[in-house]
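A short write-up of the structure that comes next.
Order of writing sets the labels: A, B, C and D. Residues in every chain begin at 1.
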Amino acid sequence: MSVAQAVMNVAEGPGEEAHLSRRFLYYMSLMREVEDRIERKLYRQSKIVGGVYVARGQEAIPVGVGLALEPEDVVFPSHRDLAIYLMRGVGPRQIFAQYMGRIGGLTGGRDGNMHMGDLKLNIVAIISAIGACVPVAAGAALALKYKGTNNVAVCFFGDGATSRGDWHEGINLAAVQKLPLVLVCNNNQYAYSTPIEKQMACANVADRGPAYGIPAEIVDGNDVFAVHEAAQRAVAHARDGLGPYLIECKTFRMTGHSAHDPADYVPKELFAEWEQKDPIRRLLERMLDSGWIAPEDVSRHYDDLRKEVDAAVEWAEACPYPDPATLLDNVYEPRS
Amino acid sequence: MATYLEAIREGIGEEMERDPGVFLIGEDIAVYGGAFKITAGMLDRFGERRVVDTPLCESGIVGAAIGAALMGLRPVAEMQFMDFISCGFDQVVNFAAKCRYRWNAPVPMVIRGPSGGGTHGGPFHSQNPEAWFFHTPGLKVVAPATPYDAKGLIKSSIRDNDPVLFFEHKALYRRVKEDLPAGDYTVPIGKAKVVREGKDLSVITYGSGVHMALEAAEALDREGVSMEIVDLRTLLPLDEDTVLASVRKTSRVILLHEDTLTGGIGGELAARIAEKAFEFLDAPVVRIAAPDTPVPFSPVLEEAFLPNARKVLEKARWLCAY
Amino acid sequence: MSVAQAVMNVAEGPGEEAHLSRRFLYYMSLMREVEDRIERKLYRQSKIVGGVYVARGQEAIPVGVGLALEPEDVVFPSHRDLAIYLMRGVGPRQIFAQYMGRIGGLTGGRDGNMHMGDLKLNIVAIISAIGACVPVAAGAALALKYKGTNNVAVCFFGDGATSRGDWHEGINLAAVQKLPLVLVCNNNQYAYSTPIEKQMACANVADRGPAYGIPAEIVDGNDVFAVHEAAQRAVAHARDGLGPYLIECKTFRMTGHSAHDPADYVPKELFAEWEQKDPIRRLLERMLDSGWIAPEDVSRHYDDLRKEVDAAVEWAEACPYPDPATLLDNVYEPRS
Amino acid sequence: MATYLEAIREGIGEEMERDPGVFLIGEDIAVYGGAFKITAGMLDRFGERRVVDTPLCESGIVGAAIGAALMGLRPVAEMQFMDFISCGFDQVVNFAAKCRYRWNAPVPMVIRGPSGGGTHGGPFHSQNPEAWFFHTPGLKVVAPATPYDAKGLIKSSIRDNDPVLFFEHKALYRRVKEDLPAGDYTVPIGKAKVVREGKDLSVITYGSGVHMALEAAEALDREGVSMEIVDLRTLLPLDEDTVLASVRKTSRVILLHEDTLTGGIGGELAARIAEKAFEFLDAPVVRIAAPDTPVPFSPVLEEAFLPNARKVLEKARWLCAY
């Protein structure tokens, strides 16, 4: 166990909330640290292959939802949900290797960045086509029900995805069949350069719940406790066989769409405004106020985190590229 | 005697008995038994858990099948007409086809349904959409011509651990019949079949083309010309060896398909032959296919559009005289 | 002018409502007569090429809406809206020729049955893929707005279409752009064999209006006056630049999906129940009750109708098939 | 000097000046100027009526473009990456492609965007989706290799009265530059170009392949072998005459494309050559293409995957020694 992880193991004393808050902190800050390293350092050093999409300011969503799940629940993270991987045991080293196109990444260099999946971890890799994962997640939910489990499928997507036909078809199919599907919208108010009001003529993504006869709630996406509680309600609903449940997490994209995008189209004030609502800062304040963590633990935690990430980067940089001789492998199941 | 249609139904039913993870999903397949009645009776036999009627949403259906397949089930998704696969295209070519290569995740699913012309279905109920998928690595594409192969191949397709597109030819559904062996048998994916031995020229074809070729071959026989016919049965992966062996033997070849000419599978076959059997060729490589137009509706136009035995016969005569 | 059309020309006396009712009657009964002839006679005589989809019991929808439009409004009829063609001047003879694959049909034998369009009449031919016309209609609406006209595009579709991604994408796009698009849903409670409750988990198609921020109203689809009034509201809304408007017409498919479908999956009582609500019968009763038509005019009208249809069938049967030498023409614009 | 990217932007801008019915529609094209900045500045020049940012909905965008084109406008729709056209596939192949044939309704629209690999974009941002459309009668498919042609062809595409798919190669956007003539000019759709005369062998190619071939040709020159290069420029309708003339002249041919092999356009070319220039061939018809896999992400894999000048050179040597 790394030192950083120690932050989560509070021997005695603090209650459940404190314990949970430390787990929130660990994953949110680790996600931030890993993504900062990728976007602000490795990308600028040209060590990253392909595009870089980070979720600064949106970490509460994957973390709040992820910690409401069982390992057997099947997740479909989108491109701003890195913490999901961390929570399921994918190490930062594998993530850096993935972003560098090395053999040690989850796809062994076949695909890049957040296109990671591992069936053993019940994580399905997205494809680029935004929204395409929704019907697929419905199908996973169908399979979970078919097999008689009470597990759920959890599909993450952005506000942009809600304009896609696949989004509509997948949710409608799941609703009609009452499939155990939890739908988590990261409404960060932009799809690339397109603000939400140019994407939809209704005020909220959640306003679309009634169109599918499913419950839909709006939650402060920068409050990890709120996200977590909503996720618990959603998961319980789906586990109970009541069908899909939509959570709209209102948040803000504190970066450009990807690392090459300066986001000049976003009014500067919005960044300043949302900076105040940073989910990690808010969490930390609450933890300190409530005595769930001591100030010295915080700084130690961040020191540990940095070390963990340093080591992971080092590992990934030492990791070889895939062997070009494997190029043709695994298009089909190998003949036995 | 089983028709082509019954053979497919039998094959699906047997696989559902054999493997509880096999299930059917599509529009109007359960209560109604499918627009062509391929799945008639399945709801009664297997219940609504395993025979799932969906709303009208091809991308949703294909996507859901992918998700279920990733979870280890074996969905068999019906397109009411294979033409409508264009509505779920991204799911097929980008999601299903690439999972194994990208992240080692098998997608054992079948998408099946009626394709092809000859029933005056017009531009949207008569297409042969196989070439789109033939060009997509990661997919398998199957197109049987006979009841025996249809049954054996649907069973292999369901057991296959990769996504398979299974093109049934709707004009064959009730037109071709044969006795099927009792009990379980499969026909391997990826193996063509020499359905008629010959020595003067080869016709490489599949689906409805096999029947056109057989008809032409009989007429040619009477003219003392012996035509070999190769039924590809699987289009992807392509059984190049069987094709090349036939061409090397006869030195004259017609590539025949009902699908339109430009960009059709005949091109790929021609390329492989012109590269790998070049020295054996005694005459130009000839293609017979539908012309490059949408499938017209009116019977007189459709008749002019579709390849047929007469057109094969004429080209064969020309080729042998070359 | 045919004798049958005379029913619409009421010299003096009756007011606007009577006049309108006669136009309703003419088109609804002509549509019924043409479709009956196709489905119950010509199809059984194997004189029809391809599938036959009729709209028995649903005639009030295209007629009620169609008579609320200007000729410059662009219509996208679906497969149960034959009256649209009749109202725009396509004669029964052309329709029969179309269904018989003759050169005299609107597509000259290139396409079949209800796949008819004519840009000069501002009618766009659907393609088979259900729902595909919605984004296309949005684009037509965009063009009407772009050109500075105050015309609207009117898109007809069934309940089944609402499950398609294209439906969602098209409406959402039109709503965001505030395009002059009128959406008319024929909710006949089945999509082929699939009842509405297996298509959607909400009670009404109109419940989806709020998902797009557009007004949506439910109307009795068997009451042509009600449909007409709703269409007038919808068209006015769209003409005024207020964006799309959805009308859900509740009705019932009094036949199988197509002529070969016995519809065994539909509970028999439903047919009996909806037979009572037949829109033509209801219209006639109201007309007779209100003195808008005399009983002898009704029977004369039907006699005329039958004669008109007889003559049209005769014409179509004498019409030649297209010349196979034209097979390759018009895939592209001919080179000049 | 204009880059390939600037040439396209110039061409679009000129057509918008010329014809008030031309407008742009797509994701992030107005305020942002497009993911690759092709449409940068257009919003300021032409206003939001003519430069329309849409929600994220490819089928909606293509469908809307069709509807507007049917009404007589000339939409130019951008796919942020041409890969995403798979999400609007049905609209392209069934609606746009078939209107003229079915009911005599012209659909004058362009769908354009970046395609191709070499930028480590991975499986979904690097594809060459042209072959799907090449197989669809009613569409035109254009794929320029140079700034001159890119500008001339985008202008012709916008003026064309049929739906045109315009494949830009993203690796060429900023890599190739040339001086463009001042003022209005067009390059005709449907005409290939002999970009280099030669007598020993022909390379038939397009897009990025042209640059690979040119590089290989120079090396071959030093070996005393003279390579002719035909740039197809338009893939559909195919300029068969120019291809066949080159093959008849050199008697040896390499068909080169960046797209994957099986079902790629090389097959069609091979078929036409093997049928119509059979007597002129002195060696097998050879294809060079990407192998049949998804486009891999990691640079070492992508490098192995993509065709390049070295691979062309090797095959050319082999072919000349045949």
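For this structure, a couple of remarks:
Simple rule for what comes next: a contact is a pair of C-beta atoms (placed from the backbone, for glycine too) under 8 Å apart; a residue touches a chain by one contact, two chains touch by 3 or more.
The model shown is predicted, which means the values in this text are computed figures rather than measured ones.
Judged by touch alone, the chains other than chain C, held in their current positions, stay linked as one piece.
Using mean Cα coordinates as chain centres, the one most removed from chain B is A. In whole angstrom, the spacing between the mean C-alpha positions of chain A and chain C is 47.
Taking each chain's centre as the average of its CA atoms, chain A and chain D sit 37 Å apart. Measuring from the averaged C-alpha position of chain A to that of chain B gives a distance of 41 Å. Shared interface positions of chain B, defined as residues touching 2 or more other chains, are 54-55, 57, 59-60, 83-84, 86-87, 90, 94, 98, 101-102, 123-124, 137-138, 292-294, 296. Within chain C, the positions touching two or more other chains are listed as 107, 110-111, 115, 127-129, 132, 163-166, 169, 172-173, 176, 198-200, 331. The touch graph of the protein chains shown is complete.
Chain C contributes residues 74, 106-107, 110-111, 115-119, 124-125, 127-129, 132, 134-144, 146-147, 153, 165-166, 169-170, 172-173, 176-177, 330-333 to its touches with chain D in the complex. Looking at the complex, you find that chain A touches chain C at residues 163-169, 172-173, 175-176, 178, 197-203, 207-208, 210-214, 243. Residues of chain B touching chain C in their complex: 27-28, 31-32, 35, 53-57, 59-60, 80-81, 83-84, 86-87, 120-125, 291-294, 296-301, 303-305. Put simply, chain B touches chain D in their complex at residues 83-84, 86-87, 89-90, 93-94, 97-98, 101-102, 123-124, 131-132, 134-138, 236, 238, 255, 260, 262-271, 273-276, 278-279, 281, 283-287, 292-294, 296. Taken together, the chain D residues at the contact with chain C in this complex read 23, 49, 52, 54-55, 57, 59-73, 75, 90-91, 94-95, 98-106, 137-138, 140, 160-162, 237.
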